[in-house]
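You will see chain A twice below: alongside chain B first, and alongside chain C after that.
Moving on, here comes the complex of A and B:
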């Protein structure tokens, strides 16, 4: 169903963008792909230190619904991302991005899920901590979950290979 | 419902038979009044606002005693569960905050002089953002009683007076409707009447745990009779569990079973089900490679060289093979026996509507052909009502009988069932008799007698089954534990 972008959504996205350009958290950059469309963003995330993702730069798109911030945006990695909580198509599966009403995995209490006071910054910070500490209780990529659980060395090797690929080394 | 003549004679008013339960039909206005009463009781005990009392009752699923007990035990916890930040605030009169310079975390705007609102937890948002937030929660998510404060991880619930003040009137109307719906849905002694378009609810105090020993059948003011336990249309005398099992079985099995029984045979050795869709009578089972004859079911080896032609139907080995096939099919046959009778009554009941129209015509023609008045021909309508009820009851006796362990009690039950069935068919026959001027008085008497008879047979069967359930007398051929 197409709904007209609400004025609130646009106003708020502009505010958030401004805020992020002025003081972005370490290791995170995000903003609209084009100034004509504030509902499609691109984000760059640095792999957190002391993890196999260290040194990598991961690109993702964030797509906002027209009734943002009542409903959460969708975040999708556009680079190879081998991680238990990222689907093979790149979509990030993290509780803060789930709409408050339904809980597909029955794990989360509603307070962990999306609410209008969350923001792009909070999402990106959650994603960074998700990268550092995968949650294998509600995995999105089953293969990654399995390797992460059973063979950490192999997991680290695959991730480091991916990091090298994203950096085109 | 039952023939009044017979019943006033046997039962004193207020008496109920073992197969009946007490219930009350509630209108939406009743429901609002009951909610107010319950909340007012709590207000009287603890001296809090109506809105807060209602919120606490909701978390206790409207169990007043439990709430009082818990509140005395641990008031803080009850308040936390109900999402009430501060019991001292007057929730009945929410007010917009005095203008101040504060950031709204929804629109991220901190323009001065924008009206804002906060619950007792002091998470303030623009009135306009609140309005959009509530609209989203009410219209898109269908929430009512548990809309939380938008603040991060804030467990507080937006109370009804606040919603009334902040939400658009259209959203508020839906909010109230959802609240009313949740009142009945959460209340263990209430159920909505499932009839399409019916707005009434039924209150009945039969607990869910008693459903193995009773069939709480209630009748809504709209005329729809249904089971309070499972919400399905009246299925007396069969208990809810068996009803669900039976319906599921019929949905999965009946068509398939009939087809299997008509079109297939089983391999005499491995019992694989085989459909013969062409070719000769020399069958080779795909599964176990057993070779047999389709006609006599005996082993093919004994057929010698008489290919394509079986003259061995009477031979001992063929007979044995057929007998064993017979046995394995008997459970299927047993099921079809009950199913066909069940389906037959269901089919007849589906023709109700036509029967009523036909009866209407007959009542007119009876008036023309005799000197009976309109009131005096009403007995025909009563007879049809009774007939339809009996068919519904009979239908479910077959579902129940399918699950009964054979024994003396079951034999008695089947005798009762048989009696009722015979009398019902006789009544049905009487209703079809052609109307002739001189036989009308006699026919009227016969129909009146038969109607009274089947109504009493039906009641006897229902009461006997109900008593049996209450005493745990029936033995079922399967475990009732799901």
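Moving on, here comes the complex of A and C:
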């Protein structure tokens, strides 16, 4: 829609950042990597309790399009993340990060798509739920899907290994 | 055009057809203004030289209408045309304008009631009210300047699209708030929230009658839609062109004193159309 960064997008991102610093959901921090560029954020997500991800701190970048919030940002984990809904390159694949009309059959019908009434906070909350409850119907990492379905113990072991790696960094 | 070479001996795949359609639509729409200048109805007649039934309908339209204003066919044409028509109908009349501004500001309650956070809509709402407020002030000193400013505002993507986004959010909020009334009219879609996310809030998704009814009811604005469909019946001599009032005949008449918006509908697209005597409607 817009080709260059819009003032609307910038203003909205600044507001969302301010709101997140005041009222961050539990286990999540997020904000611009540099105050010079509000279109590139870093997020830290604590692994949810009672999951193999518990105890881990997972880093991700969030890249916003210049016409945000008309289109959704892209989120990419920058640490090892073995998960059915995260591609091997770290890109997160969940319905809220996809505009409506994109891949109509890939997600459950009830799942929520991106629209301008969503926000970074809603995305991060969805990602935390995704970590806790993988959806192997719309898998992004086929290996992870397979191990998660067929050998839960092995899946938990790989994830816990990754958790240790993220903490060593 | 696409970068891949297609084997001419096989039919194109769905993906290839889709990519081709996309490239044609993009090439066409990106060169068209978001909203054009007013043009005489004769300009419309030129498009339909070969079609007798369309020409007869346009001929009939010239008795009551003098001009059209084209809007870009980018899926947002209904909201954009409606918003511009509404601002055009109120900005020079202090009473109507004050009422329209109040309506816009109060409409935020509807969004809040269905759980939209202010941070997701307040900037878009502010652009919508600021634009109308500036028009009102300009109109007081120079109506001609106000006309130019109106056109310029709706041609500026950031302003124009912000107003479209707000009207989409309001339409969505209104449908969510009154879902018991509207759910029965959604064909094959049992979930209002999903309908709103996918078919209302998303930019570039075209509007159907239910969107028109919800938005005009949410704002209390009279809308008349003139149908130009080239149907052979319409070309029988003297048969009037079909005009649909929104949200319905009764409410359209009751709301008329605060300004009437008239749109021209051709299958799949809305433009603005201007009556000969705007005040007598």
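Simple rule for what comes next: the second predicted complex is superposed on the first by the 159 of 169 C-alpha atoms of A that agree within 3 Å, B and C clash if a C-alpha of one lies under 4 Å from a C-alpha of the other, contacts with A are read in each partner's own complex, and residues count from 1 in each chain.
Note that in this section a residue touches a chain if its C-beta (ideal position, glycine included) is under 8 Å from a C-beta of that chain, and two chains touch if they have at least 3 such contacts.
What you see is a predicted model; the values in this text were computed from it and never measured.
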{"item": "Room on chain A for both chain B and chain C (clash or fit)", "value": "clash"}
{"item": "Partner chain(s) touched by A:12 [first = chain B, second = chain C, both, neither]", "value": "both"}
{"item": "Touching partner for A:40 - first (chain B), second (chain C), both, neither", "value": "neither"}
{"item": "Which superposed partner A:113 touches (first chain B, second chain C, both, neither)", "value": "second"}
{"item": "First (chain B), second (chain C), both or neither touched by A:70", "value": "both"}
{"item": "Partner chain in contact with A:54 - chain B first, chain C second, else both or neither", "value": "neither"}
{"item": "Set of chain A residues, in rising order, touched by both chain B and chain C", "value": "6, 8, 11-12, 15-16, 19, 69-70, 100-101, 110, 115-119"}
{"item": "Contact footprint of chain A on chain C as seen in their complex", "value": "116-117, 119-121, 123-124, 127, 157-158, 161-162, 165, 168-169, 172, 191, 193-194, 196-199, 201-205"}
{"item": "Complex contact set, residues of chain A against chain B", "value": "6, 8, 11-12, 15-16, 19, 67, 69-71, 100-101, 110-111, 115-119"}
{"item": "Residue numbers on chain B that touch chain A, as the complex places them", "value": "105-109, 128-129, 132-133, 136, 140-141, 143, 148, 150-153, 155"}
{"item": "Contact set on chain A toward chain C in their complex", "value": "1-2, 6-8, 11-12, 15-16, 19, 69-70, 99-101, 109-110, 112-113, 115-119"}
